[in-house]
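Several structures are given next for inspection.
Both of the next two complexes hold subunit A, though its partner changes from subunit B to subunit C.
Showing the complex of A and B:
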């Protein structure tokens, strides 16, 4: 049997190159199809990854702890005490890689010319840096030095709208737990740029201790954001934090905090598969056609082989093998092409031309394609399985030829 | 020799701080002068825009630095609207919806009743005394009066957006002019006083006009019709229940 299958393998390989022009065209078609599958899914993966990352940087953290009523009414009344005791211990040990307690209240910021509603973030810069939730880029000046820094840091877009600039004073206004006006003047010590202009206009950073003093809330905070650096693994460690936080605090993972993001993520995998199947279904018509042609040309030859005693199963085997060679060569070509095109683009594709539309989806002006090996594996599996299924029909028909009729065919 | 220099320097410093104190005193006196210990006034506010103009007649009470109550008398559709401000907090009452609403901090820099005054201007009238450092810029004589020009620079962390304010006060404590400069040293808005007459036993500027420099054809003018100072006011005047159910 070993000898026979080797002969069949050699026959299949040689048959493939009998009409090398047709084979090359088919190879090219499969290669481009595979390339398109991988390239498209890399773009999509890049988009969703970026949306999740942007989303998590704004949230921030993969797990957040709040006063139970804070999310429905984010006012200063619904503050929580700074983490202590058991909760603090849980936050300090792995897998938690970073956590930050922050004051987050709605506020108004006013310059001489204008005033706007913003979200005021009282942060501890060191903790936020570990969490990765600092603004992407400081355009002018500096970020806050510590939690007692008396300045504020504004987004570039907000500074423009307020007609203020670095070094000028602005007034921030909010209210304390007794609903009294709490306000103070602060100097703009830095101007940041965010990937999304809407974030630039929404978030104003100030020192946490300074805000706590202004709002007269002692050491209370609005939220605690916790990160362990892998957003896909959050379910494994969130329950421990929840236990430590006790019943008086609400502990939620990012999937619960931002259900849109989490559903985007699960949708993406399904979407990639559908895309691949669609591309390949279109491709398989070409494949079936080519194989049917190859069989049609060789009817007499197949009849002869059968007459000489070759079993139909071996003919089926030979044709499937021929198709497999074609598919594997196409896959190698496609994957190679995809790797060659995506790798240089991983540093980002500038899509600022359509940035406004993309921003509505929570994306920046640069798209970073992400080549994931599971996408390559999935496309390979789709191509092999569907390709062989599609070739089954012409191969089956060839195997069922009647040798006498086949030989007499002119 | 050295001690002379030290002495001169010391005297200079002393003089500077005395002058600063004097400037602050002048502002203090000017504020006291137009608010009195207590005061009651009847006034008409005219809001002027290029394409429309409207007037409201109002009555106002004040006590000390931190309590003010204003009630609209006319026109009919605004009659009964009231604004109470105590300690920098502000409430409004509208009879049509029969509600007292606390003006949230987010609205404090919005305009007051559609005028060129902001809610903050109304509720934090006298904050200028403590929130600013005052220096006497110059003194001039005009029409038999001495006029002090005082520059007031807000403290670093005062809740004030202005870079500085320049006030002109006459020697009978009438505030003639208040300029609001931004931090680029550009004049943004001006409060001007006019038609100074004796009223309620004091010299009072009966017309106050607030306008932005950039839009000269938009302004708000408050004309005082009558004013009384240092009268006895009922203890419950500056309360929320009185805002809702007027008893005077």
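Showing the complex of A and C:
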């Protein structure tokens, strides 16, 4: 049997090159198809990665703890006490790598020229730094030094709109728990830049203790953000935090906090698969046709082999093998092409020409294609499995030929 | 001449299955293209129309610095009078003046920073889709003064209902302290949380009073019937403005630059996909035609020996391809039209569409653009590439030597 299958393998290989033009065209077609599958999934993956990345940057921590009513009514009334006891213990032990408690309230900020509605963040700079949720870049001045820092840090875009600058005073207004207007004047000590201009306009940073004092809420905070540095693994440790937080607090993972992001992420693999199957179907017409032709022009030869005692199963095997060679060569070509085109692009494709459109999708000005091995594997699996399935029909017909009729065919 | 066509048609059906497979490849590709292109164009229309109707209108007259920084002092003087003259010049009702300012809105229990828009109750309904989306109460009326219409999410956040009072604190145009009290008369529910969280509309006259704007506003908003009419309207309105003044006319593209760019980038990635599909079909046709030429080498040798010119043979192969491509085109157009018709009735949605829709200001179902362009674009491109694919096989015919060809196996 070993000898037979080697002969069949050699036969299949040689048959493939009897009409090299046809084989080369088909190889090129498969190669381009596979390249397109991988290249486009890499672009899609790059986009999703970036959306998730930017999305998570706005949403510090993969898990957030709030007062149960805070999310529907983000008011200072729905504050929560600073973590203590069991919750504090849970936050201090691995896998949690960082956590920060912050005051987060809607507010109005006014310069002497103009005013804007913003989200006021009262932060503890050291804890936020560990969480990685500080602004990307400080353009002017400095960030807050500690939770008792009396200055505020504004986004560059907001500062421009307010017509204010470093060192000037602004007034921040919000409400205290009794719905009295609480306000204070603060000096702008820093101007930051964020990846998305909309964030620059929305978030204003102030010292946590200063805000707690202004809002007369003692040591209460609005949210606790918790991170373990890997957004994919969040389900494994979130329940422990939830237990420790007790029934009076709402513990949500980023997937529940931003349903757009999580649905994008969960649709990603489905979309990639659909894309690959669609491209493959377009490809399969050519594949089936080529194989059907290969069988058609060899009808007499196949009849002769059968007459000489070759079993139908071996003929089926031989044709499938021929198809498999073609598919594998095409896959090597396609994967090679994909690797060659994506690798140089991984440092980023400049798409700043459509930056504002991209911002609508939550993306920055550079697109980083992400060549993922699972995409290469998936495309290989799709092509081999569906390719062999598609080849089955012509191969099956060849194996079922009647030797006498086949031999007499002109 | 006629013989060539008959010959070509018969040649096609010598291998019925092969021809059908090749046509099948074209039809599959055509349908896919019709499906994707019509939905793509349809969703762009939807995005543009929804965004323009909801927020910006097709064009606006603003102070030249207002767009970039939206500062209160970059205002349009005598805004209502300007709106009247624009209305007259364009001959349309859909022209309205607006003013906007940020203020801290306080109800009995809650305070939020909001963007208050002063609108003309008489004209706003013809410019924007908001007034039609009032879910409870009513929209502003011409004689209203301290009345306000707010978004549903904002109402929930502020914990106010119809008849409730909101106090506004902010700064006026001259930097002075601005304060006012308005009664909620209507609540708007657009279904888009980002918008329902920020909408707060008051009558323009009251707005001008509270924020010490005198007769100024921030924009004259124009809504047109179709996008094509925008350039003409821009030049008409521009001619009304003093050439060296501070006012500028901005079209929708300038007002919402993200919109066109989002469409462009989506188009680009779409066309990458279409290009690949079309290329794959072209390869499939190329292979089929090459096969059909190669297997007929002997036959062609005989025909050449009988005195047929290679050019005529090439034309035969060309006509075969043309017939096959036409079949693919006809079937593609027919089935494509059925598909568009079905989609335009049933709409199209997929899991995750809802989150997408909320983010991009779209409806939860996509409807295709019903137009000849959306239908024919894909199939015609496939048709052209199919014909191109026949060039190489046809060219080979010119290299045939009759004697050698007749002996070929």
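Keep in mind that, in the parts below, the second predicted complex is superposed on the first by the 410 of 410 C-alpha atoms of A that agree within 3 Å, B and C clash if a C-alpha of one lies under 4 Å from a C-alpha of the other, contacts with A are read in each partner's own complex, and residues count from 1 in each chain.
By definition in this document, a residue touches a chain if its C-beta (ideal position, glycine included) is under 8 Å from a C-beta of that chain, and two chains touch if they have at least 3 such contacts.
Fair warning: this is a prediction, and the values are worked out from it, not measured in the lab.
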item	value
When subunit B and subunit C are modelled together on subunit A, clash or fit	clash
Partner chain in contact with A:175 - subunit B first, subunit C second, else both or neither	both
Subunit B versus subunit C as contact partner of A:293, first or second or both or neither	second
Which superposed partner A:21 touches (first subunit B, second subunit C, both, neither)	second
First (subunit B), second (subunit C), both or neither touched by A:193	neither
Which superposed partner A:160 touches (first subunit B, second subunit C, both, neither)	second
Most subunit A residues touched (candidates subunit B, subunit C)	C
Contacts of A:264 with subunit B and subunit C, given as first, second, both or neither	second
Set of subunit A residues, in rising order, touched by both subunit B and subunit C	106-108, 110, 112-113, 115, 117, 173-175, 179, 181
Subunit C-touching residues of subunit A, taken from the complex the two chains share	19, 21-22, 25-26, 28-29, 32-33, 36, 40, 43, 72-75, 77, 106-110, 112-118, 160-161, 163, 173-175, 179, 181, 259-260, 263-264, 266-267, 270, 275, 278-279, 281-283, 285-286, 288-290, 292-293, 296-297, 351, 353-361
Subunit B residues touching subunit A - in the complex, by the definition given at the top	87-89, 102, 104-106, 108-110, 154-163, 180, 182-183, 188
Residues on subunit A engaged by subunit B in the complex (per definition of touch)	106-108, 110-113, 115, 117, 150, 164, 168-171, 173-175, 179-187
Parts of subunit C lying in touch with subunit A, wherever the complex brings them together	15, 17-18, 21-22, 24-25, 28-29, 32, 69-73, 101-104, 106, 108-115, 156-157, 159, 169-171, 175, 257-265, 269, 272-273, 276-277, 279-281, 283-284, 286-288, 290-291, 294-295, 351-352, 355-356, 358-360
